[in-house]
Amino acid sequence: MDLAFFGVQLLNGLQYGLLLFLIASGLTLIFGIMGIINLAHGAMYMIGAYLVYDLTFRLGNFWLAILVAIPVAVALGLLIERLFLDTLYKRDHLYQVLLTFGLILVLNEMQRIIWGGDVHSVPVPELFSGRIRLTDNLQYSHYRLFVMGVCLALAGVIYWVIRHTRLGIIIRAGAVNRDMVEGLGINVRTLFTLIFSVGVALTAFAGMIAAPLTSIAPGMGDSILITCFVVVVIGGIGSIKGAFWGAILIGMAETFGAVLIPSLASMVIYLIMAAVLLVKPRGLFA
Amino acid sequence: MLHTYPKRVVVIMLVLTAVVAVFPLWGPAVFGAQSDFLMEKLTLMLILALFAMSLDLLVGIVGLVSLGHALFFGLGAYTLALASPDFSPAAIWWMVPLVMLVSALAALVVGFLVIRTRGIFFIMTTLAFGQMLYYFVNTSRHTGGTDGVFIMFRPSVELGGAVLLDLDNPLTFFYLCLALVVVGYLFLRWLTRSFYGQVLDGIHDNEHRMEALGYATSHYKLVAFVISGVMASIAGMLAAMQYGFANPAQLGWHASGEVLMMLILGGMGTIFGPILGAFAYEILQHTFEHLTPHWPILMGLTIILAVLILPRGIAGLIIDPPSRARLAKSPLLRWLKPGQAAPTSEAVKPAASAPSREG
Amino acid sequence: MKTTFKKTALASLIGAGLTLAGAATASDDPVKLGLMLPYTGTYTALGEAITNGLELAMSQHGNQLGGRDVEYVKLDSEANPSKAPQNMSRLVRGDNVDFVIGPVHSGVAMGMLRVAQQTGAVTIIPNAGLGAATNELCMPNVFRTSHSMWQDSYPMGKVAYDRGHRRVVTITWDYAGGKEDLAGFEQAFTEAGGEIIEQILVPFPGTEFQSYLAQIASLRPDAVYTFFAGGGGVSFVRDYAASGLKDSIPLLGSGFLTEGNLAAIGEAGEGVMTTLHYAETLDTPQNRAFVEAYRDAYGELPDAYAVQGYDTGMLLLQAMEAVGGDTGDKDRLIAALSNVQLDSPRGPLRFSGSHHPIQNIYLREIRNGRHEVQGIAFENLEVPDDACRM
Amino acid sequence: MSDIMLQTRGLTRRFGGLVAVNDVDFDVRENEIHAILGPNGAGKSTLINLLSGEFPPSEGEIRYRGRPIQGRKARHVARLGIGRSHQKTNIFPRLTCLQNCQLAARIHMGGVFGSWRSRHQAREVDERALQALETCRLVQRAHTPASAMSYGEQRQLQIAMVLATAPRLMLLDEPMAGMGREETAQVTELLKGLADRYTLVLIEHDMDSVFRLADRITVMVDGCVLETGPTAQIRASERVRDVYLGRHHEEAHP
């Protein structure tokens, strides 16, 4: 492996990892604070992508589409939390697993009713349609760099919120001990609604900015879901820092695993997860 | 008392078993030409009931929510598929022990690793191990990959050259499955009412306290994990036998999710509930598919509703019929029976002598 | 219409005798077509296109087969192989359909074939391309109106060599269908004298291709041959273009890479060359008429899937006409089916001894968002079926 | 000294930067009732948790009947004869009162596969469970699910469960927490009655009960032992009075 090739793969792994972080961050927030396993997380990612596809063609502008789509995603999160999850907090994880499994079925089928079964795509926005040259025959889209930037910026914002705001203190406390949050005199119900909506919005937003990089197809959320679970478990449930490093680790592992050990490529992330859990049963950063 | 149910549970289950058992007698009269197909469907439901029951030991009894239980179901199917000779039937005498051995070993290894984790982590790690095997089977050269494999012959049940059971006969196979469900049920009933089951109840209620009392809880959980895995693998083996086909989709996480849904529909922790759940789930899906091409919405909403308003499932309805439950909570009953702090139907019953758990 | 065929129907009734099957062929009973196609999930679009094509063929002929009304029994296959046997069994034993039409997915096909084998149900595969269906696992009661993975990729091997490519990288998903497709290409390409310098297998159904593109760039092949389908195809073609590789290394593929997804692929697809048994731009009277009728009925251009569905309908129409609507005599029905020759929108089509279509494979290049036909890559291509015993 | 049952030397436990138990030397003699007093956060519960093996000490030594037991898991410690109850009610709510005690009584039956041991042995165990219930005056509730009992009864059941494990040493973490005056008196009597057969270590806030029950008392403040000695000595101690009537007074009675 020559140095240039190594460098390019490093970039690919980083970019994939950052995107994974964005998708997984919502999941880990919801996990950590609310103790909810949201299997419908992948469906939210898919909905984000479909929303932006729909709105881009309706409004004729990608950025405008994202602006409109975010409130829609927040509203969806709000609706689900208030309608379904509100009564489940005191119950066993099993019920959350099943309820969100039911939600997957409903949301996937809604997608099919609204947008049909065809594969779609969103064109890369004009502003970032250029490419940089990596090697003599390989180029890299500006948009991918932009996505990396957005993911990094969001990671920074989330980190700042968690470190330096009152909300962050609550979130950190909640990840360690959920009863403590109630002890702090917080309106838990409002907090949960907020966290769930933000989590859904983050995920849907990941689907939105990833839309120009991927194909928008039914079931696109299912495969990403499991990968995100692995990221969150490796990092430590509820830890944003863990989700970040877990995502980078998995991004790198998938990228390099694909090239170096192709025979194990599909299993490599599960092997890593098993190894991590053997050494640290609660994840790397728990 | 825990795991003791009102008499009507026994009555209902016996009646249902009898109705299913004599289906070959009344089926053709009622359903005509469709009855063959329906018996096949019943057979499948019985197999799924066995599968759901095995998971109930883990989820309902011990309180370990596994999202990778299909791993063992698939393992049973693939062990049969890969160990069967191509051009002749395998003898059941070594096939069943082999399937049990393979799944027990797998359950031991997987269990050893996942038992250490709790709550969400247990869910996630079981999911991960399920997916690992799923991808392995999907990409391995020896398993037929995504296309799956055929099992050309059902195992033979012969003793000294004499055919004891002809499993190719749908009727025989149907009764075999029925018998295994009954045996499985009785086994789990015995297990949950034994002292070992009591320890599992203790772990479910308060694992920490069990440790403090002096129990090596992880050992008990591991044994339950292995028992559950072996039962699931038998169900998987039967499923693969039924159609002579094994496919990776049998061990993906969607399959694990579906069997969990059977549990919730039927009512977990009751052993008999999941049997009803498996039947209910299959019947619902069959009906919805006939009703609309958008059947997943109906299925999804059913699950959501079951979780929200019927968390104890069908079994809960049978144990505490809604009217009775309301009556039991009413001040009237409390007034009639002073001294009963929580007059549920179980508590109202006069306590039997010592810990004999009849029901 | 009913009176015209009364005589033949009566004859068939007598012919069928008093067996149970005979009862099902009474003239008044409709012919039941059991459709086992994906109507939910990832492959929904394919299931719908096939259904559309089939229904178009039927509606063009009065919705009758051999004088009997047609009744559809649609069953969502969910593209879930583990449920395939039970679903197939439901159609055959539960709904008593006369023909099973399906599936899309090769794994589902395996499960169906097992039941087809046990029940002898007449099965027509309108898409799944697993080679075994008309080779190792061939059976008299199973027909295919689509393709095999091998059939669509084999001609490209020769084309690639003729276009001057000598060192080629192949890439597909790590699953049976993909590997069969690559095998077809590899066979023809290496026979001609070319060399496959690397075969890349991507975990199924992943669509994250960046690291593989970097690998391809560093290998510097003359061309890349690929098979992906659906969302994977769209992603691969777009990522390939975005990485700039398309400027220096031509992209070749099986037609399914882009089939049905030209709009989603957009500009990135320009210049991509594929081989397939159909192109919507085929300039024949049959195809022009078909495209027009399809557009009138469904408001969109047909794709290969729609044609496969349409030809399934045409196959049934011809065969049922030949047997006079009698589905009771299986052997006669099967003989009639295997003798059908179609003047399909895709060109002439007849069936091999293993019930696989013998058909033209076209070389297509994407220009202005359409699959422009560059010529016939292989005329009347027959697939290998040495392992077929029937 | 031969009559020392449990002994710690330099016992220390840290949680991150916090030192919960700091260099504690502590002795328990055979057949005494030894109370641990101290304001909230003094490290009393942590000390009990260290003694019962709930978590390992950061430093120091614990000897039980002369043998070091630090670092052993809770379940091993329990089977050595050190039974404990928890501050929060810690029972199996779905099981009956008797079943709760049976679970406790059967810990000596030997692992998973001991579950299926002989009936004879099982009967012995059941007798011990019943005895424990009798001692705690819960026999009439034997077949009531634990969740259906009153709070006071549940606290008594906890003690019964410890008894059923046939311990030599009982560690009781606030056995009377949250109880009414009458129930407190009842439990105090109960514990008094146990004193001739068992060795007891208990944490308790109720001063009256402690002074009535305890043979010796150890007072802890901020993770350290402030003073240890016979009840009369502690009662008279200036330092202890300072702690209890001074800065920690309000916390001592939550």
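Order as written gives the chain letters A, B, C and D; numbering starts at 1 within each chain.
Everything below uses one rule, namely that a contact is a pair of C-beta atoms (placed from the backbone, for glycine too) under 8 Å apart; a residue touches a chain by one contact, two chains touch by 3 or more.
Quick caveat: nothing in here was measured; it's all calculated off a predicted structure.
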| item | value |
| --- | --- |
| Identity of the chain that, by mean CA position, is farthest from chain D | C |
| Chain C and chain D: spacing of chain centres that average the CA atoms, whole Å | 75 |
| Centre-to-centre distance between chain C and chain A (centres being mean Cα positions), rounded to whole Å | 36 |
| Averaged-CA centre spacing for the pair chain B and chain A, given as whole angstrom | 34 |
| Gap in Å, rounded to a whole number, between the CA centres of chain C and chain B | 39 |
| Multi-chain contact sites of chain B, meaning residues that touch two or more partners | 135, 138-139, 294, 296 |
| Chain A, residues touching no fewer than two other chains | 108-109, 112, 266 |
| Pairs of chains satisfying the touch condition | A-B, A-C, B-C, B-D |
| Chain D residues within the chain B interface of the complex | 52, 54, 73-76, 78-79, 83-84, 86, 90-96, 98-99, 102-104, 106-109, 111-112, 115-116, 122, 126, 142-145, 147-150, 161, 165 |
| Residues of chain A defined as touching chain C within the complex | 2, 4-5, 8-9, 12-13, 15-16, 108-109, 112, 116-121, 123-124, 131, 133, 135, 137-141, 213-220, 223, 254-256, 258-259, 262, 265-266 |
| Touch list for chain B against partner chain A, complex | 59, 63, 65, 67, 113, 116-117, 119-121, 123-125, 127-129, 131-132, 135-136, 138-139, 253, 257, 260-261, 264, 268, 294, 296-297, 299-304, 306-308, 311 |
| Chain B - residues contacting chain C, complex | 33-34, 36-38, 40-41, 44, 135, 138-139, 144-148, 150, 242-245, 247-250, 254-255, 286, 289, 293-296 |
| Contacting residues of chain B [partner chain D, same complex] | 1-2, 194-196, 198-199, 201-202, 204-206, 208-217, 219-220, 223, 340-342, 346-347, 351-352, 354-355 |
